[in-house]
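What follows is a set of structures to go through.
Paired with chain B in one complex and with chain C in the other, chain A is shared by the two complexes that follow.
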Partner chain A sequence: MVLFIALPIASVVVQSLFVQHEQVMIEVENCGPFKCETVIQADPDATAALRESAPLGKYNALKTYTNRNHLAFNELGDIWSSSETFFGFISGVYNLPFYKALFFTLTYTFLVAPSVLILGLFIALGVNRLPQLVKGPTIFASLLPMIVTPLIGSLILFWMVDADGIIGATLQLIFNNPDLSLKASAPLTWIMLIIYGIWHSTPFAFVVFYAGLQTVPSDTLEAAQIDGASRWQRVRFVIVPYMMPLAIFILLMQLMDGLRVFEPIVGFSASAKATSLSWIIFNDLFGNAKLYGSAAATSMLTILFVCIILTPVLIRTWRDFNRKGI
Partner chain B sequence: MKYIKILSCAALMTGASFGSAFAGCGIESGRISILANDFPALHAVVSKAEECAGGAVTFAKNHTAKHQELQGPALTANPAEYTAKIVTNGSIVPLLTDGLLRPLDDLVAKHGQSLGKNQLITIDGKIMAVAFMANAQHLVVRQDILDKVGKPVPSTYEEVLETAEAIRAAGIMKYPFAMLTKADWNLGEEVVNMYLGHGGEFFKPGTAEASVNNAKGVATLEMLKSLMEYSNPDFLTYNTGAVVPLWESGELAMAEIWGSSMGSLLDDEGSTPAVVSNTVPANAPTVGGGSNPASTLWWDGFSIAKNISDEDAEATFIALVNGVSTEMVKANNDKAVWLMDAYVPGKSAEGVSMVAAAGAEPYPMLPYMGLLHGAFVAEVPDFLQGNESAEQTLADIEAAYTAAAQEKGFLK
Partner chain C sequence: MTSSFKNNAPLLTWFATSMVVLWLLIAIGPFIWTVWGSFKVEGDFFSKADWRNAIYGVMTIVETGDSFTGNGYYGAWIEEEFWFNVFNTTVVVFFTVTISLTMGTLGGYALARSGFRYAFWLLILALIFRAMPHITLVSGYLLPFFEWNVWGKLSTTIVVLVAINQPFTLWMLHSFFLNIPKDMDESAMVDGCTRFQAFRHVIIPVMWPGVITTGLFSFLLAYNDFAITSMLLSSENQTMVPRIASFLGSVREQGNVMFAVAAVVSAIVPLFFLVLFFQRQIVSGLTAGAVKG
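Presenting the complex of A and B:
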């Protein structure tokens, strides 16, 4: 616990409080195949000396958390005072990168998690009623979306929804609109990502529910049947309450999975229309300009949001646990 | 059977002995290890350098598209993991900022007689890299389609718009134009090109403060948006890997692409003769009455790590000079626009040559340019999708850049 969880988090917290040293700039003349020009450039020796004296960088307190690329307190104040309508304020906030990512992440999580829960239950109920002969193959086929690596799965779908791909072309035919492109419009991209998320996660819920269904006491079900309960009533009043702890478990997993959504955004090349908290962290660490402090701050904020959102579910689990203890 | 075995053994042995006889390039011993990007022209150079391996000279190479991720940590180690890095005027900057490269003046004086003066990249009076090829984005057009609508090859972006409208009006193509506008590094590069085409300056002179929120910035964004009217609505997912196949399948009439992609447009793979024979490279257009083409010049070159012994540095330098030799250019003439004298420009090189001759700017070699490039990528898609005004986007770019530059220590 200490080595693999506490220490990394502590190191990220420390990292988020520091920024790089001020760069010592010097003027130099650069010549290349095309021309010579005078530019200013960082002085590596002077910067190295600074780094030697304080390897962590410059202490910045919580300023990274509050700058424009994160919680943006100053910008929020400006937008609040300058916008006349509530809608103006919201669209101003949505223009800030952190809040934009947060908005998508939360929308994704709160749409995917319940859908996965409900769909998984119905698939499990359906498969449970199948004759023995086709049960095995059906279960295997239903698990496939979960087996595919998210990045590969999203890339496959990305090519399928292309205007020349099988899904994209079919949709154009159905809606009789040759310009319809799932990649071009922001709402359609969001829908595509959310459907992808449901497609990818439902097998998990299904397989857990299916295992749970095998343990539902048959005498209770038969008693309900004798009392004249319809199939729907048996599901609603016997199976669902019995499987509630499993549902809470799946919900917990789905909330955590949703809050760290990342691969589909890369796979669908969707970063122009939808970004998530994890994507921001990736973007800070990718390429030449590595913003360690910024990435660390976003990570801490992500952990904070995970804690806030999971608290109600955890409290509920805790209560259930205590009740059973008595 | 036995006979064949003996024969093949003999063949192997003669092969091995020939190998060591040819190896050397005059290097006695040393470690050569090269990190490079992954495309055919660089394969040609590094493979030629590899011929110097053998005997006490060890050789290793790593061609990877993730070279920029690796270069910093790999060259910071002492001794460095790689003795040489194939860089561009973009990827050399972080290495210079961290002081990880070795000045090459002594090695050039000793072993660099075959190198041209224009190949030497000097920073603050010291040679830090040796360039061997050039690259730039330029226009490519379909001559048959331009003939159908009776338009000449466009020389300005305003003419590109007119021609695109004419092609659309004639019902030939709805989306005749494409450029590399994927919402990653590619889109940032198009903004840089277009802004320089308007004659813009990215920073206040002598400082790291961004200054793009001006009339030229607005004109840059408006022009990109107008062009995207004629590009497929999926344009925010278009990189070279998407545009080249579209061109080859005959779905485009004009496109702005990298010079290094011309080879694959003009070869006989993946397309029809009708498309290939009408594919013509053209200069990068100018824009807004400017005189310079809206494109940036790039060079690829080699540099040597600082944290290695002099012996390894010398061995690596000799091998790479061999890598860019006349022989290599003659064998791989059409793979790139080489900067060496032996190069004979072919059709695929015409575009880059025109861009260079027309006086395009090199991509800025500034340590904080990458941060501004990143801010373009983050903010411009909003504008291109019609979510906000150009002024708002430019203000956002400056704000996003300032926050990042403060964190990196370039701004207070």
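Presenting the complex of A and C:
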């Protein structure tokens, strides 16, 4: 286990301190029919040899972390001093790739998680009222969006919102605008991704809440009813407090999933409009230009974020365990 | 809510039922639409003229003479050799599940009987792995794997998937074994069994529900993974999901989107049956974390 958990992280740390070799430049004399001129050319052989001998690249200390593609301290300072209003500052920051991705990731997480909680609770309440016979098939159907491979699920929705697909065409008809395309505008892409996120995660909240509903003590409910609580009051003051631990559990899971949102961006081909931290790493590693240093630096920053968000949860779990132990 | 108070307000019942029906439409509608559409031609599935074409298959009748066509499936499975990716997926998923279950049952049993409170650390590890974007780990694996020349092979991917899966498997089976009373194997050992015989004859017969639930989740992780398989496998060895992703780029230009649609539907079918048969285990596995954690 140490081999596969600690070592990769250590390897990421090391990689993040290095950058790729620059091309080795040599001076070549190009003699044309009229005159000779000296040009500087990249030497592919020497570059390949150098990369072979030191695959990590050259040592760069923490510079990768602070360059334009990551934390971009210099650029932040420039934007801060040059922009007059606060909004000018924000829009300037938004143009830096790392902050753009961070911004999307956080928006996605903090919009999807609460919507999922509320929707899941209401669906669970609704399903709980259904006759026994149709409950099974209902749960079966509800599970599908969650179980299906994220990439495949997002593809299915992507084809439906395509300009010629069923939802996209219907929207064009409703707004009477044949050029309307969900893919073309950034806000619509964001909305689309967030709706996909809700569609994908609601079943999880639903299932957990539904299982929780089965264990709500019926005498408390009946007592509330005798005391004159209306149906809504019973949900508000009996069921919701009883479900609080479950809600926290779901919220935690949603935070984790939201922070690593990645597949829908590939599935919706939305990378021009919305990027996430995971996507940046993927993009650095994919294809021919393998920017290990850059990817590793982003990985480290992502891990840092995950740690910050998880720390309160871990402390709570630790306390719970100690209490159980005593 | 029990049957003892059934003063049902009809309006509320109506509202709740319609909400559930709406949810069902949203949840399963896209799947039905895509499965149905995968038997049509592109002109119908992405119909400019009228969305009802996709239901009746007007263009499909014009182009192929029948309102259903298997062209998409033929193109994907035979022409694009999707069957090979399906085979790769089968190999990866089978070995990942088998290895992680074997290690998980043995390790989980040992940890559960050792007396020390491992549960907390296992849980923390499982949590951290759940929280960490898998791609951050992949960026750590990639360079060493290139150096050792093991990149792009199925076996490498299997090892990585097992490793990522292991804390979760261990934690789940560990808490499952804790629920099996210690008296069972102790009485077997009093009767003269060795530790291993006790495991073999007493524990194995009763452990299947937990193993199946854990196996399901290992299966889902291996089957649904995109980040790891797409980064660690060379293009000849791809499994289904990265293959579909790379389909998209090439297929759009040739006007063969239906190949991708057919491939996507083929990849959904196993999951569909999985949910159909193991619904109860999936639900219990999902909620186990909530109740115990």
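Heads up, the rule we're going with is that the second predicted complex is superposed on the first by the 267 of 326 C-alpha atoms of A that agree within 3 Å, B and C clash if a C-alpha of one lies under 4 Å from a C-alpha of the other, contacts with A are read in each partner's own complex, and residues count from 1 in each chain.
Definition applied: a residue touches a chain if its C-beta (ideal position, glycine included) is under 8 Å from a C-beta of that chain, and two chains touch if they have at least 3 such contacts.
Since this is a predicted model, take the numbers as computed values, not measurements.
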| item | value |
| --- | --- |
| First (chain B), second (chain C), both or neither touched by A:T302 | second |
| Chain B versus chain C as contact partner of A:L171, first or second or both or neither | neither |
| Which superposed partner A:A186 touches (first chain B, second chain C, both, neither) | first |
| Partner chain(s) touched by A:F282 [first = chain B, second = chain C, both, neither] | second |
| Greater residue coverage of chain A in the superposed arrangement, chain B or chain C | C |
| First (chain B), second (chain C), both or neither touched by A:T138 | second |
| First (chain B), second (chain C), both or neither touched by A:L259 | second |
| Which of chain B and chain C A:A224 touches, first, second, both or neither | neither |
| Partner chain(s) touched by A:G212 [first = chain B, second = chain C, both, neither] | second |
| First (chain B), second (chain C), both or neither touched by A:S271 | first |
| Set intersection of chain A contacts, chain C complex versus chain B complex | 162, 269, 286 |
| Residues of chain C defined as touching chain A within the complex | 1-2, 4-5, 9, 12-13, 16-17, 19-20, 23-24, 26-28, 30-31, 33-34, 45-48, 51, 54, 117, 119-120, 123-125, 127-144, 146-147, 159-160, 163-164, 166-167, 220, 223-224, 226-227, 230-231, 241, 244-245, 248, 257, 260-261, 264, 267-268, 271-272, 274-276, 279, 282-283, 286-287, 289-291, 293 |
| Chain B residues touching chain A - in the complex, by the definition given at the top | 68-69, 89-91, 93-94, 96-99, 118-125, 131, 134, 174, 182-185, 206-208, 232-237, 297, 299, 339, 356, 362, 364-367, 370-371, 374, 378, 381-382, 385, 388, 392, 396, 399-400, 402-404, 406-410, 412 |
| Residues of chain A touching chain C in the complex | 1, 3-5, 7-12, 15, 55-56, 122-123, 125-130, 136, 138-145, 147-152, 155-157, 159-160, 162, 164-166, 169-170, 199, 202-204, 207-208, 211-212, 216, 218, 221-222, 225, 231, 245-246, 249-250, 253, 256, 259-260, 262-263, 266-267, 269, 277-278, 281-282, 284-286, 290, 292, 295-296, 299, 302-303, 306, 309-310, 313-314, 317-318, 321, 325 |
| Residues of chain A defined as touching chain B within the complex | 19-23, 25-35, 39-42, 44-45, 47-48, 58, 60, 64, 67-69, 75, 95, 97, 162-163, 179, 181, 183-186, 269, 271-273, 283, 286-289, 291, 293-294 |
